[in-house]
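Each structure below is given as structure tokens.
Heads up, the next two complexes both have chain A, just with different partners, chain B and then chain C.
This part shows the complex of A and B:
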């Protein structure tokens, strides 16, 4: 608890800087990542992330110290080369893009690890901390590093804001963008550069191995909540920032905990939550809708059945027992009872000593379903030329989905017919 | 068979286009009149879309040049609108109909400028013209195929161009949309705009177009629809595959042959 207060009160100035830095890094990478995600270049982001490692190591070997400007330059160069190679290989050879990505990623990362091992055995005193580029160590983000990385992050955010209109058009419809004379090649180059830079600044927080998660996961999570690209970008930035903050906190409290994996845990948690709970697109929402539909169909089937029984006996308001119902149509008992209770609560049925009777409203509702069923059968036979003995099954589902508007159009189209293909009367309400 | 016109709005001279070294359009030479509704007709794989993509410089050409309004494309871009095939974009993109139509204003807005209120009003007006104003805020993936095509058309209208190229605007749309689109194209042509449409439904050619291009790897005919859309020319376009021509094309790809001995610079 004391840690929590220490951390979030920012009394310690170095903590304050680390937090500020992580917020900037995470939100800027997430914002750039939104475009990577929408362009379906997630794997490319992963390849770039792995490919910056040899650049970082080479820069360290040449400069002999951990000057962030050198490291960023090195990372930028190899990151760019990897992207160029992926594009060239997939454009000029028979190798497809996914294979090219796999090739480049492993070769570059392999070389990076090799160089890292050489550095570790070189006895250079400055090398401590270079390891943190593998899994990220936000706490190392102090002093000059912060200014450099933070500066790059700000440049990223500004560039995206300035070119927002062009980048989104490029992402949505490249041919059209070209046709109105947008400098598509230059914009592609810009977006690629931004992606590489986002990776470069992000690795300080999460490390090369997990960087792709930061580029893609916040955007993927944000997509569940909105259909508007601006909101999506803002949400991705927010998700990225939150996970960065929490991840950093955890690695602050527990010594020697790498920041990257924790940030990835948190952002993945957010993504899974979105996946399940987001309104409209979430799994849970879809599940509930399925259940609602099932219940609705069940209830309407009960009313329909009671109406049909009434039709036969020419009296709709006769009381029926459960066995009266199940002898006619074998409802699963639990569903039937649940449906009957709901219908009673809603005022479509009355119950007295386990005898169920339609109310006026219930009769009307049942009548409508029967009407829709028969209208649809007629429509299928007359307009789709389907044999009368094949139309019942279709009508069983369609009767529950037709809206009053479609109902009216159907009536008009068929000119208010009086009987269905099986010569049953179509009941109207007048 | 290939009728040329004075003061053409579009002039194509000796255009050849290849994909991966395989020529898909051979030596196209044509001129088109202003203010007409023009159909490009031909079988699958005849190079219809390729032709308008080459005109819009979306794909490189091996030889020849294209002049629009007697100028090079770069100089007259803002007088030209291009409508890609509906399937060429991902309709799951997080944008509303209005957002997409607003993209039609980007060319005039220029870099770094945000759409202004005036642009939004133009966009709304264009949505109204295609009968989609009620769906302005709707996410584009929730639209039907016909509605998506209308949104694309509204975006083209928002460009306020003089010359329109449309790649299969009637593909996969419902009857109501087809009628909306053709009415719109007719009224555009009445206002003096030139509309060039890639079309694959032979039934409607004579009803829809003033002028027609018959294309099958090479240009077979170009002229007013009454004199050009004839049984004989259609036979030549659709029947009797030019097996020799396609075999040579395939050979050029296999052997990695250049199309011309000397690579000329782009355009004259």
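This part shows the complex of A and C:
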């Protein structure tokens, strides 16, 4: 608990720097990631992240020290080259884009590892911190480094704010952007440059290998909560910042806990929670909705059937047993009983000694389904010229979906017909 | 003249590069290079857990565990894609970074119990192949242990491809036809992914979890530029794999760097050479003559 207070009260100046730095890096990378995610270029970001390693190493070899400006420049150059090569390879040969991405990613990373080990074997005393580019080391973010990386992060956020409208348009509708005269090529270059820069700053926090998580995961999580790009960007930045903060905290408090992987664990946790529990788009919500619709169809089918039986006997309020129902239509027994009970609870059915009777409301509801079914059959035969023996299946589905508005339009269109193509009466309320 | 140590390292490199390349042929033809990349990262926690449970690295448990975690990864990616309606590239990215992060955390946590470190994850220990000898119970020296592990996996992969050649080819080039003649695309998809995971784990010690991707993708991609025939592509991949191992070793010696890194570098160099000389020309030709790979598909069966 004391650690928690220590950490968040910013009493220690180096902690304060680290927290500020991580917040900036994570939120700016996540914001850029939202655009790459929406452009379906998520894995390209992964390739760039791996490809900056040789640039960092080369810059170190040439400069002889870890001046962040040099390292960023080096990273920027090889990151750019990798993107150029991916485009060239997939455009100029029969190699597909995903193969080109994997190829560039692994080869550039291999070159980076080769250079890194050469540096390590050379015995240069300055090299000790280079490893942190592999798995990230937010705690090392102090002094000059913080200013440089924080500066880049601010540049990223400012550029995105300035070009927000253009970038959104490019992401969602490139053709339209071109037709209204936006410089699409230049904007694409801008977005690419921003991606490379986001990677360059992000690797400080989580490292080369896990950088993809910062570009992809916050945006993926945010996508499950909203359809609005502004909200999505804000959410992604928030998710990124929170995971950066918590991840740094964990590695601050516990020994042997690496920052980068913990940041990724937290952001993955947020993402999985969103995937499953987000309202509307979440997996669970979708499952529930499916079940609800299935139940509704089941209940409507039962009412429809009881109505049809009543139609035949010219009395809608006769009590029926379960076997009366199943001889007419083979419902699965469990679903049937469940449906009957729900309908009774809702007041559409009455039950007495295992005999089921429609109530007035139940009869009306069953009647409406039957009416929709027959209207639709008539519509299909009259307007689409489908043979009367082919229309039943389609009507069987649509009867549960048609809204009162569509119902009214169908009635009007068909001029309140009295019988369907099979000469069954279409029941009206009045 | 090559020293015995150099020979053993180059042999180990080849034994790793060949099965990776053979499976890689199918990965890139199926447009699944990045799924292969994801699996190679994702097996890391499996390796560490198997290590903690069994106490050594070359047990059957580890290979089995790897196969399972590879299938789990593939399943997770498809689950997020199908059920969550998440775009495929994002599903891949989210899944593998999460699993890899778990792996790194486990390594750091159990550093004293697990004979693995971050360097090993990144570039393996192929330089030390000859240090670890396999000694039988009566004390006979059988040679480097890694060679046996890699050799066994190579054999397994060759048997897998020979036995399932027809199914792999049909499900790769014509999934619709495959299901029409009763071959399950999903089954072979998951089998291939399991094979990729097992090979990754076996290669992990030698070249690390990330550089193995270079061996999966670069040699087959190079071969793919040179030929349109799948069998030729596989033979070329094997040749390139051996060349990568040979030249990679000497490059590493020359520059005093990691051998695995040098192998990946050479794999890139070979691709670049072929790309510059034939890649661009081939594209034009391919547009005229359609890819002829389906010649291996049986007419009636």
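What we mean here is this: the second predicted complex is superposed on the first by the 397 of 430 C-alpha atoms of A that agree within 3 Å, B and C clash if a C-alpha of one lies under 4 Å from a C-alpha of the other, contacts with A are read in each partner's own complex, and residues count from 1 in each chain.
The rule is short, and it goes like this: a residue touches a chain if its C-beta (ideal position, glycine included) is under 8 Å from a C-beta of that chain, and two chains touch if they have at least 3 such contacts.
All of these numbers come straight from a predicted model, not from anything done at the bench.
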item	value
First (chain B), second (chain C), both or neither touched by A:249	neither
Chain A residues touched - chain C or chain B, whichever exceeds	C
Which of chain B and chain C A:105 touches, first, second, both or neither	second
Chain B versus chain C as contact partner of A:162, first or second or both or neither	first
First (chain B), second (chain C), both or neither touched by A:220	second
First (chain B), second (chain C), both or neither touched by A:316	neither
Partner chain(s) touched by A:70 [first = chain B, second = chain C, both, neither]	neither
Partner chain(s) touched by A:42 [first = chain B, second = chain C, both, neither]	second
Set of chain A residues, in rising order, touched by both chain B and chain C	40, 223
Residues on chain A engaged by chain B in the complex (per definition of touch)	38, 40, 162-163, 165-166, 168-169, 171-173, 175-176, 178-182, 223, 226-229, 232
Residues of chain B touching chain A in the complex	53, 56-58, 74, 77-78, 80-82, 84, 88-90, 93-96, 99-100, 103, 106-107, 109, 111-115, 139, 141, 155, 159
Residues on chain A engaged by chain C in the complex (per definition of touch)	37, 40-43, 45-46, 50, 89, 92-96, 98-99, 101-103, 105-118, 121-122, 131, 134-135, 209-210, 212-213, 215-217, 219-220, 223-224, 256-258, 260-262, 264-265, 268, 271, 275, 281-283, 286
Residue ranges of chain C touching chain A (in the complex, touch as defined)	28, 31-34, 36-37, 41, 80, 83-87, 89-90, 92-94, 96-98, 100-102, 104-105, 108-109, 111, 118, 122-123, 210-211, 213-214, 216-218, 221, 224-225, 251-252, 255-258, 260-265, 267-268, 271, 275, 279-280, 282-283, 286
